[in-house]
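Below are two complexes that have chain A in common, paired first with chain B and then with chain C.
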Partner chain A sequence: MNTRRPVAATLAVAGYVIMIVPILFVVATSFTGGSTLRFPPEGLSLRWFDAAVHHTPFITAMVSSLQLAALATVLALLLGIPATLAIHRGRLPGKGLVEGLFLSPLIVPELVVGLALFQQLMIGLRLDNFTVLLIGHTVLMLPYAVRVTGASLALADPFVEEAARGLGASPLRTFFTVTLPLLRPGIFSAALLSFVTSFNNVPLSLLLQSRDFRTLPVTMLDYVQQSYDPMVAATSTIILAGTVLVAVVAERTVGFARIFGGINR
Partner chain B sequence: MTVAAQFQQVTQRFGDFTAVDAIDLTIPAGKLTTLLGPSGCGKTTSLRMLAGYSTPTSGRILIDGVDSTRTPPERRGLGMVFQSYALFPHLTVAENVGYGLKLRKMPAAERTRVVAETLDLVGLGHLAGSRPKKLSGGQQQRVALARAIAIRPKLLLLDEPLSNLDARLRVHMRAELRRIQAETGLTVVLVTHDQDEALELSDQMVVMREGRILQQGAPIDVFPAPANRLVAEFLGYENFVTSADGTLRTVRPEHLQVLGQERRADGLTLEGVVVDVAFRGVDRLVTVDADDSLGRTVRLTADVRDGAVTARPGDRVVLGADQAHVVTLAG
Partner chain C sequence: MISRRTGLLVLPGLALLLAGFLVPSAAMLLAPPGVSPADILARLGQMLTDPYDLTIIWRTVRLGLIVTLICLVLGFPIAYLLARSTSRWSGVLLALAIFPLLLSNVVRTFGWLVVLGSNGAIGQLLLALGLVDQAPQLLYTELAIVLGLTQLFLPLAIISCYSAVAQVDPGLDDAARGLGASRTRTFWGIVAPLSGPGIVVAATLVFAGSATAYTTPYLLGGSSQRMLSTQLFSYSSVSIDWAAASATALIMTVLVFVVSGLSSLAARRGRTS
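Showing the complex of A and B:
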């Protein structure tokens, strides 16, 4: 910590406290032996974890969430990577406009997007809610796919691809041996961000839910409204553990700074 | 003279801007040609057209006698060194150098040998396993050079290869480039804005400005006889004097002297008032307001040990240059 800047240091500590302490409360209460969501926990037990992993609606919703997040991430990258290349390397007229379009889901309120998709696709075209959710989540992920992969491309020397061509590589070969390897950290971080954002999304998933398909956060929200027991805290702890695991793996393999931002290379 | 490449009436326009204006240029094989000029003169555009990264608006480019105007870069077999070096950051030094060889399906054992030889040629054999970002600027530049040389290119193209190096290293690398060119016998085209670099390195120098070639030839022929004022200015001539009959003459600052009472110069004489004397280590730079009809400022350098130069601002002086040092310009 930088002791020569006490104000900044204090603010940083306050930031960590505000972000982390409430989460610690949830984790602590999930290990309670009692039957209410209360701090301090009454006794220590794993009974709520046992309940959580045997609670069918949660299991079903967890699988749904993972499926949706994985598919939306893949789709967003498949659309986003070519868009990034076109924006950064192509001779696209109105590049700024195109980039703005791909980034706009960050600004448009999700409820508006959700409502529009609900009206037009679910009611209008009678698409099933999984398809509509997949479309909605993909659209929400696009800014990450375009921005984060774009950041690693923008920082790369624009002449490396020309260098590869000059050495004898066809455009396709250049893409696979130079462009894609340069994009790899960006793609990895975009995938991670997209996946987490989709997995945690509430507004879209709430609007576009159905009895057959609903995501974990929506199911948990539903559950909390009816019963106030520590099973939700246990579920949250499980999700938190999974996220931390992903973060640790990411840090070990490519490094956090590189993943988030995809730029500090 | 064997011809390695030729520009025939090559023009490149970007919208309304004419970057290169109908140039004709012959690149002799086995020689080092420099394209010299200020930024925006069309030298880099010409190099990029030669490499195949941009297609001329009109005209033809021949490589080894074959019309290659529209041949994509990967089928030209040329080696290019970019100003930014453009090394592949995800590959090691050896993999960078071997990239072009791998594409040519050279067997692994032979490839390893050629990569090692080429790295030795540029003096980087010990860094084969390093990543480019761990290297200094000068080392990266050598890797870029080795990568381009390894494929035994028909032409080696260098875009301002030394401009990102510090002054001392730049001068050292000039000698290195000459050695490498001599050892490999490659045809080299080098783009630069540095006239000293061009003079020192070139077999043939091509002075460009505003998309046109102003003058070309061996440095030893071009330097003492610039074709016109623009070339002269670019080669460091100053002190342009128009005579009564309209001829334009020029003298470099180091060839203009402050004359004592007893001497007259046989080439050119001027009178004027000293406005500034600046000490520069090896010499003094004297700025004089000449009272010829054009009222121009002339500058001369005088050796610091030259006791005769005692001029101070405000003094009236007579300046002169010997005929051998006065260059008469066509326009």
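Showing the complex of A and C:
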């Protein structure tokens, strides 16, 4: 990468190896013809992909996880965008405190939140686990909605909105024709980040499982603990392919690096 | 859009935060079913004196610190080289560093089972080379946890450091170099101090993440290398000991809060000095 800085370049290579190489090994083992998780793989076959797509617990859990992620994302945006608007554009007492509250789910360990919801809502109030998962995931996604759309809103010129109002547009019309289009890239970033985060979540969802509704990452975790076969490698490769697709869509629309931490290139 | 009523739009979100996060969390930490705050305090005191529990707390803190250090040592150079590079490959490399953040932690951690397992790549390689008689035990060790956590949190460290380094004007580097400073001196005298706040953010994110991660210690540490997170899970689902679960949750939460507090203090001092 840079031969004039040998130390930095060596460390950088080591970093990339740790980040990427294990993922490549997963892909390689998923095509094994053998029946155990060993490397180098014994022969080449698609048998574990066949097993994975016919393994009902995984398929059901994948559908559940996709549903949960989609619903939680929509809900977080429906609650988060108005809240962001109120924080940035409204007259709100204790603005800093309110914004802090909306970001607070990021600081408390997810496992702790999961335990709280399990104990208080699932056991205490006897809510079904899907409702509790939806509540928990929405809470967890709210900070993304507030922060990412807040960043777009801070960049948007409030005078454009005022001009629309001055020209006689109603507040609602101003929102849908002026503010919302300005927020679109931010909303898209928040939606993508929320969806992926929810779909992949383990710590929050861990305790909130039931026989009727299980999420995919937790189901895979349980499976790995019991049997050591390459089916999880095949499932992982399928998830990897899906994630690459999401990344490509992100790159083509908002720009991949911009979605995270406002990196502008 | 500036109107008095706009402020009311905050209410639905606030209601969800209260009912679905703040109230349940407070209730769980202070008064779980059938347990009084005094019971939790007693259990907390027991944990902070019991040698076995202390091992787990210390392992959580120690591995968190080690992973934070490694992520900074590996992540900062990556961020620095990417931010300063003019190569057209730097965009691809940046995307490659960020991409793992989108990928499931279970998938990423599973990779280490293939690499470190007894039939895994490293063990088989050492056997094939005749360096060992039987595959070494790499899985279910602290090393495995450190590797797994580093893989998970390195992208976060890179992003935070990258934003910080990118804000430092490359003209300053050139000026220092032009005035005769060595590359090393330019780095330690200009780039490192100016990107300090970003490094503090990176350290906080990585520590908080690795001290509370569940998937990695569960898959790579097994039952022999317990951390606070795996302990919390077994208290709340296997043994259903609410007092112990709340005490563990308190320790985890306080740990993260203290580190976040310290880091924002450090960032503030960095700004004013």
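Quick note on the criterion: the second predicted complex is superposed on the first by the 239 of 265 C-alpha atoms of A that agree within 3 Å, B and C clash if a C-alpha of one lies under 4 Å from a C-alpha of the other, contacts with A are read in each partner's own complex, and residues count from 1 in each chain.
By definition in this document, a residue touches a chain if its C-beta (ideal position, glycine included) is under 8 Å from a C-beta of that chain, and two chains touch if they have at least 3 such contacts.
Please read all numbers here as calculations on a predicted model, not as lab measurements.
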Examine A:167 and indicate which partner it touches, taking first as chain B and second as chain C; both and neither are also allowed.
first
Considering only touches as defined above, state whether A:200 meets chain B (first), chain C (second), both or neither.
second
For A:111, is the partner it touches chain B (first), chain C (second), both, or none of the two (neither)?
second
Counting residues of chain A in contact, which comes out ahead: chain B or chain C?
C
Could you tell me if A:156 is touching chain B, chain C, both of them or neither one (first, second, both, neither)?
first
What is the contact status of A:210 with respect to chain B (first) and chain C (second): first, second, both, or neither?
neither
Just chain B (first), just chain C (second), both, or neither: which does A:22 touch?
second
Where does A:35 make contact in the superposed view: on chain B (first), on chain C (second), on both, or on neither?
neither
Check: chain A residues flagged as touching chain B and also chain C 162, 165, 265
So in the complex, which bits of chain A are touching chain B?
156-157, 159-160, 162-170, 173, 177-178, 181-182, 184, 265
Chain B residues touching chain A - in the complex, by the definition given at the top
51-53, 72-80, 82, 84-90, 99-100, 103-104, 133, 147-148, 151
For the complex, which residues does chain C have touching chain A?
1-10, 12-14, 16-17, 19-25, 27-29, 32-33, 73-75, 77-78, 80-81, 85, 87, 89, 91, 93-108, 110-115, 117, 119-121, 124, 147, 150-151, 154-155, 158-160, 162-163, 166, 183, 208, 212-215, 218-219, 229, 232-233, 236-237, 242, 245, 249, 252-253, 256-257, 260
Interface with chain C, chain A side, in the complex: residues 1-2, 4-5, 7-9, 11-12, 14-16, 18-26, 28-29, 36-40, 79-80, 82-83, 85-87, 89-92, 98, 101-102, 104-105, 107-113, 115-121, 123-124, 135-136, 138-139, 142, 146, 158, 161-162, 165, 171, 174-175, 179, 196, 199-200, 202-203, 206-207, 217, 220-221, 224-225, 228, 232-233, 236, 239-240, 243-244, 246-247, 251, 256-257, 260-263, 265
